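Per-chain residue numbering starts at 1, and chain names A, B, C and D are given in the order in which the chains are listed.
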C-alpha cells in the first residue's frame, strides 16, 4: 500500500494552572485549564520517528507555567502571549493554538473564594506568523423560560406524531463562541457584554422556534460588542413534558413536568456581521 | 449451603421533576431529582419472587409527580409528605426514605431563569411510623483560601517526605449534611443560615489543619441554626503545589501553582451538640 | 453552644499506581487506584489544630508506592500489607482501611496490553490491632436478559398504573461486595469463582422479580466460594420499554425498545450464610 | 447592525435504541445511541420562526425507532438507510448525517448478555442527494506497552527540562476514524480487520515517538482493509512517571509508576492512500 501523511497536530492538553496575585492582603485567583496545539513541520516524527523538529509537550507545559509568572491577565491576553511565543521561537511551528477554560472563583473575603458555578469562560486563540484569530465564549450556561415559547406550523412526515405546542417550556444549555475582528479589544468588558446579552435575548421575545431564539441571541451578542464579527451557538432543546396526572384524578394545568436526559434536540447556527468574510481556521 | 436474607431495601431512584408555579406573570421553578427507598416486609419477593407486598417503583415515581400538583414547597416538606404517605398507606413499608437534590435556577426575568451552579441543596428524610428524621445539606461547594493555612508539627514516619508548610493554599469541595432535631423548622431560613456559615467559618480563622477548619465550620453551622443537632462534613484536601520555575531563571514567590486532580486528602468528621444522642438511622 | 466531636476519619484517596513486573520479555501490569482511610486518636487535630498524632496523607501515598516495590500480588494481599502497616507502626491509628480498585489490562503481546473494560475488581480491607476484615467485589458489570423475566402480582395503590409484565427485558449493572470469613483465602481463584457466579445465576432461572434474581445471585456466590460469609448486591432495574410503532402502521412484537437513563428502580439486598454473625464495621 | 445567517444545522441527539432479534431461543441484542443532524433550507426558522420546512426532531427520533422494526443490521447499513430516507423524503434537507455509537453486549447464554466494555464501535454516515460518505471507527480503546518506546533527539528550547527517555511506558486511549471509499463494503469484517490492526501495530515495532506509532497504526488499518481510503487517529500520550523511592531506601528499576490524569500529550494525524482526494465533508 502506498500511503501518505495528511494533516497532523500535537500538543499538551489540560494543564491546570492556578495563579495567585497578592495585592497586599487582597488576593486575586486565576484558575485555568490550558491546552496547546501545534501545527507545522513535524512530518519526520510521524514518518521516521525523527524528533528533531518536535518540541516536547512537557516543554509546552513548562512554558504555560513560566508565562504565568508576573501575572496572567485576561485569558485572551495570556493565550496570545503563549501562542505568539511558540510561533516566534520554535522554527518548526507554523500555527500555534492555545485553548483556555477559566473556572470562576467568587470572592468571599480578602483571600477567600468560593466556586459553585459550572459555567466556564473559554477562549481559543490561533496564531500564525502573519495573523492571529481570537474566538471566545462560554460553556455550561443553562437557560429556561416557562412561557412564551411555541412550536407550530412545522413540516410533517409519516413519522410525525408531535402535536403543535402553543406554550411550552423552553430550556437549553448554551455553548457559545464568538470570533473577534482583530485584537484591539478590551477583553474583560467585551466578555461581560457578550455574556450578558445571551440570557437577555433568550427571554426578550416570544419564541416561535429555538432556531429563532438562537438567531436572536447571536444577533444580540453582535449588537452588544462591535468587535465581534461572528457568533456560533450550539443549543440543545432540553425537553420538558407535562406529566399525565389524570390516572390519579388530577389535572395538570402546565404545572408538573418530567425532563428526560435524552434524546434531545440539538440546534446550531452561525450568525455574522454582513460583509465579514469567513475565517474557518479560527474555530 | 444454608443461607438467609439479611437487610434489604428497594425504591425508585432519580426521578427528575420540574414544577412551575404561575403566580400571574411571575413564575417560580422548582427542579428536583427525587429518590424513594423503602424498607419493610419484602422478604417474600427476594425468597420466592412473591410480589404481593411490593409496591412497584413505577408507582413510587407516579406518587412523586402527583404529590407535586398544587405545589412542592421546601424540599424537606415535600420529602416529609412523600415519606409519610408511603409509611401510612403501604402496609408492607416499615421505613420510607426520600432523598431530594435541588438544582438552583436564578431568576433573570418574570418567567426566565438561568442556572450556572454545580452546587446542590439536598435532603434525606427518613420516616417511620413513630418518628421521622431530617438530614439536609449541600454538595458541590468549592472553597479556597490563598493564605492563613499552615500544616506543621505532624507525625512523621519512614515514608514522610512532606516539608512543613507555613502558608499554603487550602482548597476543598464541601459535602455537608446536618441533622435537624425535630421538624418544627423554617426550612428555607435554616438552610440559608447553615449554608452561609460554611464559607464564613472556612475563612474566619487561621487554619492549622484542614481537620481544625472542618471542626470550626461544623461548629459554625450548629451556632447559626439552633434546630440542627449534628453536622457531618466530608472535605477533600485539594492540593495546590508551587511550580519550580528556577530552571527558567524565575523565582516563584507563592504565585504559580499546579493542582493535580488526584490523589487528594479526604478529611471527614461529625460534630454535634453536647448531650444529643446518636441517631444513626437518620443518615 | 457546647459541641463535641463525634466520629472522624481521614486519609489519602485515589492514589493511582501502575506496577510493571518484568519477567524477562514477558511483562505483567497491575493498575490500581488506592485509598487509605485512618481512624484513631486524631481529636487534637480537629479540636486545636494539633497535628502531633496526624500522619500526613502524603506519607500514606508514599507508603502505597513504596510497598509496591518488589511486587503487588492480589489486591487483597496488597491492602492487607498496607493496612497492617499503618496499624502496627502509627501509634495514633486504631483502624486502617485500604480500598483498592483494579483496572484490568488484557495481554496483547509479551509487553503490550489493551483495556476496554469498564468493570473493576475492588476490595475494602479494614485492619484493627486484633482482627481484619476483607470485603471484595466487582463494580460496573452490566447484565441483560431478553426473556424469562416477569413482574406480576404486585401490590397496587392509587398511584399504580403499571400493567403486569409476562415477559420483559431485565437489565442491570451489578455492584457486588462479598465479605470473606478470615484471610486464609486464595484471593485470585475466589474472585474468579465469585465473579463467574454472577452472570450465570442471573440467567439461570426464570425471574419473577429482580429481588428474587438478586437473592439467587448472592446465593450462587456463597455456593461457589465457601470462604465468603456474606454477599451484598446493589442492582438498578434499568428499564427497557417497548416503543409504540402503531402510529407508523407497524406492530412491535417485543423487538424495538427505548431505554431511558432515569428514573430507575434500585434493588439492594444482603444475603449471608446462616449462623454467620453481622460484622458491620467490615463494609 | 446588519447581520446574516451563515451555516446552521439541527437534529435529534442521543436516541437510545435497543433492538432484540429473537431467532427461536437464541436472541441477538443491538444497543445503539443514534444522532440525526440535518442541513438544508431551514433559514426561515432562524430568521422568522417559520417552521414550514422544519421536520421536528421528535419525528426524527420516531423514524429511528420505526426503521429498527425488522432488524438493524450493521450500524453503517442502518445509518445509510436512515440518512437516505431523510434526504429522499424531506424536501428541505440537503444533507443528512446519522451518527451511531454501538454498545457491545457479549453473549453469556441463549438470551443473556453481559457488557463490561467501555469501547464503542461508531459510525458517521453523511448523505447527500448525489453521494454518501461513511466514516467508521472505535473510541475508548486503551493501549499500553511496557517496553520498546523511547523519546530522544527532540528539539529543545529554554523551557525544556525533559530528559531523553530510552525506554518508557507508552500508554494511550485510541480514538480512531476511517473513511470508506464507497459503500460496497462488508461492514462487519471491515470493522473487525481495522479494529484488530490497531493493537497489533501499536505493539509491533519499537516506538521512537508516539507520532511514529500513530502513523504505523493508521498504515496498518489501510493495509488491512482495502476499502478504507483515509484514517484519522487522535491519541493522548498518557504519561507514566517512575516514582522516586530513594527517600525510603529503595531503588526503582522501571517498576513502580504513577500516572497523573492530566496534563497529557495529544497526538493527532490523518493518513491516506496516495492519490485519494480529500473529502472534508465526510468527517
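Observations, loosely collected:
The definition used in the following text is that a residue touches a chain if its C-beta (ideal position, glycine included) is under 8 Å from a C-beta of that chain, and two chains touch if they have at least 3 such contacts.
The shown structure was predicted, so the numbers you read here are calculated from the model rather than taken from an experiment.
Between chain A and chain C, the least number of touch steps comes to 1. Common neighbours of chain B and chain C under the contact definition above: A, D. Taking the mean of C-alpha positions as each chain's centre, the chain lying farthest from the centre of chain D is B. Between chain C and chain D the centroid-to-centroid distance comes to 30 Å (mean Cα coordinates, whole Å). With centres set at the average Cα position, the gap from chain A to chain D is 23 Å. Taking each chain's centre as the mean of its C-alpha atoms, chain B lies 38 Å from chain D.
Chain contacts: chain B has residues 15-16, 62, 66, 159, 161, 247-248, 260-262 touching two or more partner chains. Of all residues in chain B, only 158-159, 161, 247-248, 260-262 touch chain D in the complex they form. Interface of chain C with chain D (complex): residues 15-22, 27, 29, 31, 62, 65-66, 68-69, 105, 108-109, 111-119, 140-148, 169, 199-200, 202-203, 240, 243, 245, 247-248, 250-252, 254-261.
Chain A meets chain D in the complex at residues 1-16, 35, 37, 42, 45-63, 66, 89-90, 92, 151-157, 159-162, 207-209, 211-212, 214-215, 218-219, 222-223, 230, 236-237, 262-275, 278.
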